[in-house]
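Next up: the structures, one after another.
Both complexes below contain chain A, partnered by chain B and then by chain C.
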Partner chain A sequence: MVKVTLVQADGSSAVVSVEPGQSLMRAAVLAGVPGIVAECGGQAMCATCHVYVREDHLDALPVMGDEEEEMLEVVASERRPGSRLSCQLVGLADDVVGDVPPSQI
Partner chain B sequence: MRVVVVGAGHAGVEFADALRRNGFDGELTLLDEQADQPYQRPPLSKDQLRDPAQQPLPIRGEAFYDAARIELVRGAVVSTIDRAAREVSMGDGRRLRYDTLVLATGSQSPTPPWQVTGPIRRLRTLDDTRWLAPVLRERCRIIVIGAGYVGLEVAAAAGELGCEVLVATRGRRLMSRAVSAPMSSAVLLRHQAKGVAFRFDAVVARVDQPRPGYAAVTLADGSELRADVVLEATGVGPRTRLAREAGLEVSDGVLVDSSLRTSDPAIFAIGDCARMRYGQAHLRLESLPNATDQAHHLANVLTGAAHAFSPAPWFWSSQGKIRLQIAGLSAEDDASFIVGDESDGAFSVLRVRDGRVSCVESLNDIKTHSIARRMLSQNELPVIDAAVDSGLVRSTPRPVLAPPVL
Partner chain C sequence: MVTAPSTGSLPVADWVDPRLLRSDPYPIYARLRQEAPVAAVPAINKVLLTSFAGCVYAEQHPEVFSSVVEGANLNRALGGVSLIRKNDPEHATERAAVNPTLRPSQVTQVWSDRFRRNTEQALDVLAAAGDRADLNRDFARPLAAKNLMDLVGIRDVPVETFARWSADFIAGAGNVLDDAEIWARCTSSRVEAESAVDTSLAYLQRHPDESMISLFVAAGMPVESIRANILLTISGGVNEPQHMITAMVYLLSQHPERRPASLDAGAWRRVFDEAVRLYTPIAMVTRQTVRDVVLEGAAIPAGSQIGIMLASANRDPAVYDAPDDFEPDRTERRHLGFGAGTHLCAGKWVAEASVAGIGVPMLYERFPAIRPDPIGDVHWEGFAFRGITRFPARLA
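This part shows the complex of A and B:
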């Protein structure tokens, strides 16, 4: 189990425990973290589960697949180097800190 | 100031969240007849059928509602609206006053036009999935009536789980309301390759499911199809009884203007149940992105942050390995142009009206879909002759001259 800290635009944050095999999206939604919409339920189809992973944590992430790469082009908030779809973040190697974007829609 | 929302589905929950985020500080109540914590519907016919052990995915986690000061009342069937008193009443006699009422009641299945003995089996709710998932694990024979996206998603999941699957549909092609004929054909071939059988032009006369494990469908031509279970998936209509009985204007959906306001200025409608005036026409969409968009727009309207609503509709369906993504809105008689290789791998169909691309249907072609969606959100799908130059597609679109014969 790893711990992911998700920071909101207003500076508040939540620490989410992610079970092995569980996606960060699912863990964050279940924990009631605001700002993760996840319309498609985790299929890399909607791009509304966007998070910015902080630079010094990028090594802990699984490799990005083609689908995620393409869908990150339609995120509602600006795409940045640490942009990931949280539904595709399964099997984090270590604890991670990320930011929730201002908007998903 | 109290805002009451009837229906805590995708539109209702998303609206409540967006309203709070916009700074609304009054009372906010969500009423839903279902006992379950509001849950996501798309996985019901996809991942959750394949893996019944998976916990349902809530729309928002339990902690969210308290944190956002949203009162969620479950098991509350709203039975009437008293517009003069600005009150809704629930089946158990409870009443609740509102200043603003939002109808987010979603869809419902119409009564099938055929004779029925035994239960009508459908896949609409979490309870339906709880029932169907174990049945599919027993590698049953299943007949799905209707070849819309929910029916096909179930067919794909059932096939993967080792069931014998027959899809029987009235029309001549699948997903005829959602996609072009060439896309229908391509999707059909992929399902057939997985062993799913199809019967087109099937007019159902009766369905018998007198006991578990025995089901029969009788067609109008007299033929009888046997299976262990029959699932009705012929599509849904807007759930409008409350609105109609309250005297609101209703016609294939609760009629709303571009601010999502009904004929009563204190009452709004969003999501599957709403039919919005849009330009000269009316538009009613049954899709999650539409529910979310309208929810956000209404939150903006109510908090004075409204901007003109220009819908940029998109939609997806995943049927096993078939990933279908649609951006834009097409009409039945829009022309079709194909980009890519429809016999294998990824391709898209550009639908074209008056020379301009109206809609892009993509099968496992996320790149084209993502470009189309960005263009659509800027309201700038190109004219077809400029599709390559605009960057929408990489190769010249090929026109489909005649509808392919199935």
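This part shows the complex of A and C:
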């Protein structure tokens, strides 16, 4: 189990425990983290579970697949170097800190 | 909002009249949201969830609110179990086969040119109807049907026939009063549609392309599942874009100042989303509880059939300012018109491209003055599936 800290635009944050095999998106939705809309429930079809993973944590992430790459082209808030879809973040190697974008829709 | 099962009670809304749900459901939803956002409604034998928060909770907890529903009208209408009546992981496996052709980049690269050509042809049909034009019959319906025929990979069937299948399946899926005549229509359309699927399937095995049937074949899906899933797609894939085309024109004719400039894609998308929110074409999705659950203070027993009322959630004043007003620039952009969660409408991006990106902007380009004639003759119908069924139009 790893711990992921998700920071909101207003500076508040939540720490989410992610079980092995569980996506960060699912853990965040179950914990009620605001701003992780996750419209499609984890199929890389909606791009509404976007997070900005902070630079010093990028090594802990799984490799990005083509589907995620494609959907990051249509995120509502600008795409940045640490942009990931949290539904695709399964099997994090270590604790991670990320920011929730201002908008998902 | 949600706690462990308790001995709390379940409010009963015995005043809900199914005939009024068909003619004008919105005042009923408003009263349910206010008095009992989780309520048993004996007239349709379901527990209805009418608040935004309650609907989202159910959609995001499929382990309690299951898509496996006993005696589902939809399964009967389609003659088999489609992915919408399965839970993950079975649902996800079937859905993953077609997701690639339904993502935005593929929609742009593969389908948009086809949708543009289909729109041009449909506009010619509308023009030919002249003084007797009906926007639903002569444009929205044939266009939605042709776009979907291309997407699923069915040829050599008249567009009108394909559109009729869709209407009959929808009538069967929504046949809450168990009308025998509706089941008869549904069955004969199902036999025709299955035969068309089989014909396409045989062809696409030898000539694979980007269509849904072809992708299902490539994924090794059993023929019975391909049939059920394509029939499901035909059900939801014609009526809904058809209803959104007419709803957008209906709204813009009442608010002409809100009509976007033809190339302002973002503004067209906002009008589209606002139309989906206000006139949610799939008003209800059905689930069944697998255990007792307390939602918004109401105790729902295990085994209850649940109606997640997307059309009501989308007008919840707890989420939207002036929820009954048409306001494309509203700050709350989220809505549940395509559902929420793993069963999110697979055609969401296709619908946005074909209706908001291409169909309606091209309609206004060709007929800038198009409007209802008169507006009082525009006819709305339906409860679980709702939209405009008659739209006499002035083209100029």
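The definition used in the following text is that the second predicted complex is superposed on the first by the 105 of 105 C-alpha atoms of A that agree within 3 Å, B and C clash if a C-alpha of one lies under 4 Å from a C-alpha of the other, contacts with A are read in each partner's own complex, and residues count from 1 in each chain.
Following the convention adopted for this analysis, a contact is a pair of C-beta atoms (placed from the backbone, for glycine too) under 8 Å apart; a residue touches a chain by one contact, two chains touch by 3 or more.
Computed from a predicted structure; not experimentally measured.
J.: Under the stated touch criterion, name the partner, chain B or chain C, that contacts more residues in chain A.
T.: In the superposed model, B touches more residues of chain A.
J.: For A:Ile105 in the superposed arrangement: first (chain B), second (chain C), both or neither?
T.: In the superposition, A:Ile105 contacts both chain B and chain C.
J.: Would you check which partner chain A:Gly91 touches, where first means chain B only, second means chain C only, and both and neither mean what they say?
T.: After superposing on A, A:Gly91 lies clear of both chain B and chain C.
J.: First (chain B), second (chain C), both or neither: which does A:Pro34 touch?
T.: It touches chain B, and chain C stays clear.
J.: Please work out whether A:Glu70 is in contact with chain B alone, chain C alone, both, or neither, and reply first, second, both or neither.
T.: In the superposition, A:Glu70 touches chain B and chain C alike.
J.: Should A:Pro62 be classified as contacting the first partner (chain B), the second (chain C), both, or neither?
T.: In the superposition, A:Pro62 contacts neither chain B nor chain C.
J.: Enumerate the residues of chain A that count as touching chain B in its complex and touching chain C in the other.
T.: Residues 29, 37-43, 45-46, 67, 70-71, 73-74, 105, which sit in both footprints.
J.: Mind listing the chain B positions that touch chain A in their complex?
T.: 10, 14, 17, 21, 40, 42-43, 46-47, 55, 57-58, 60-65, 67-68, 288-289, 292-293, 296, 316, 318, 323, 325, 366-367, 369-371, 373-374
J.: Hey, which residues of chain A end up touching chain C in the complex?
T.: 29, 37-46, 67, 70-71, 73-74, 103, 105
J.: For chain C, which residues count as touching chain A in their complex?
T.: Residues 60, 62, 92, 95-96, 99-100, 102-105, 333-334, 338, 340-344, 346, 348-349 of chain C touch chain A in their complex.
J.: Which positions of chain A touch chain B when the two form their complex?
T.: Chain A reaches chain B through residues 26, 29-34, 37-43, 45-46, 48, 66-67, 70-71, 73-74, 105.
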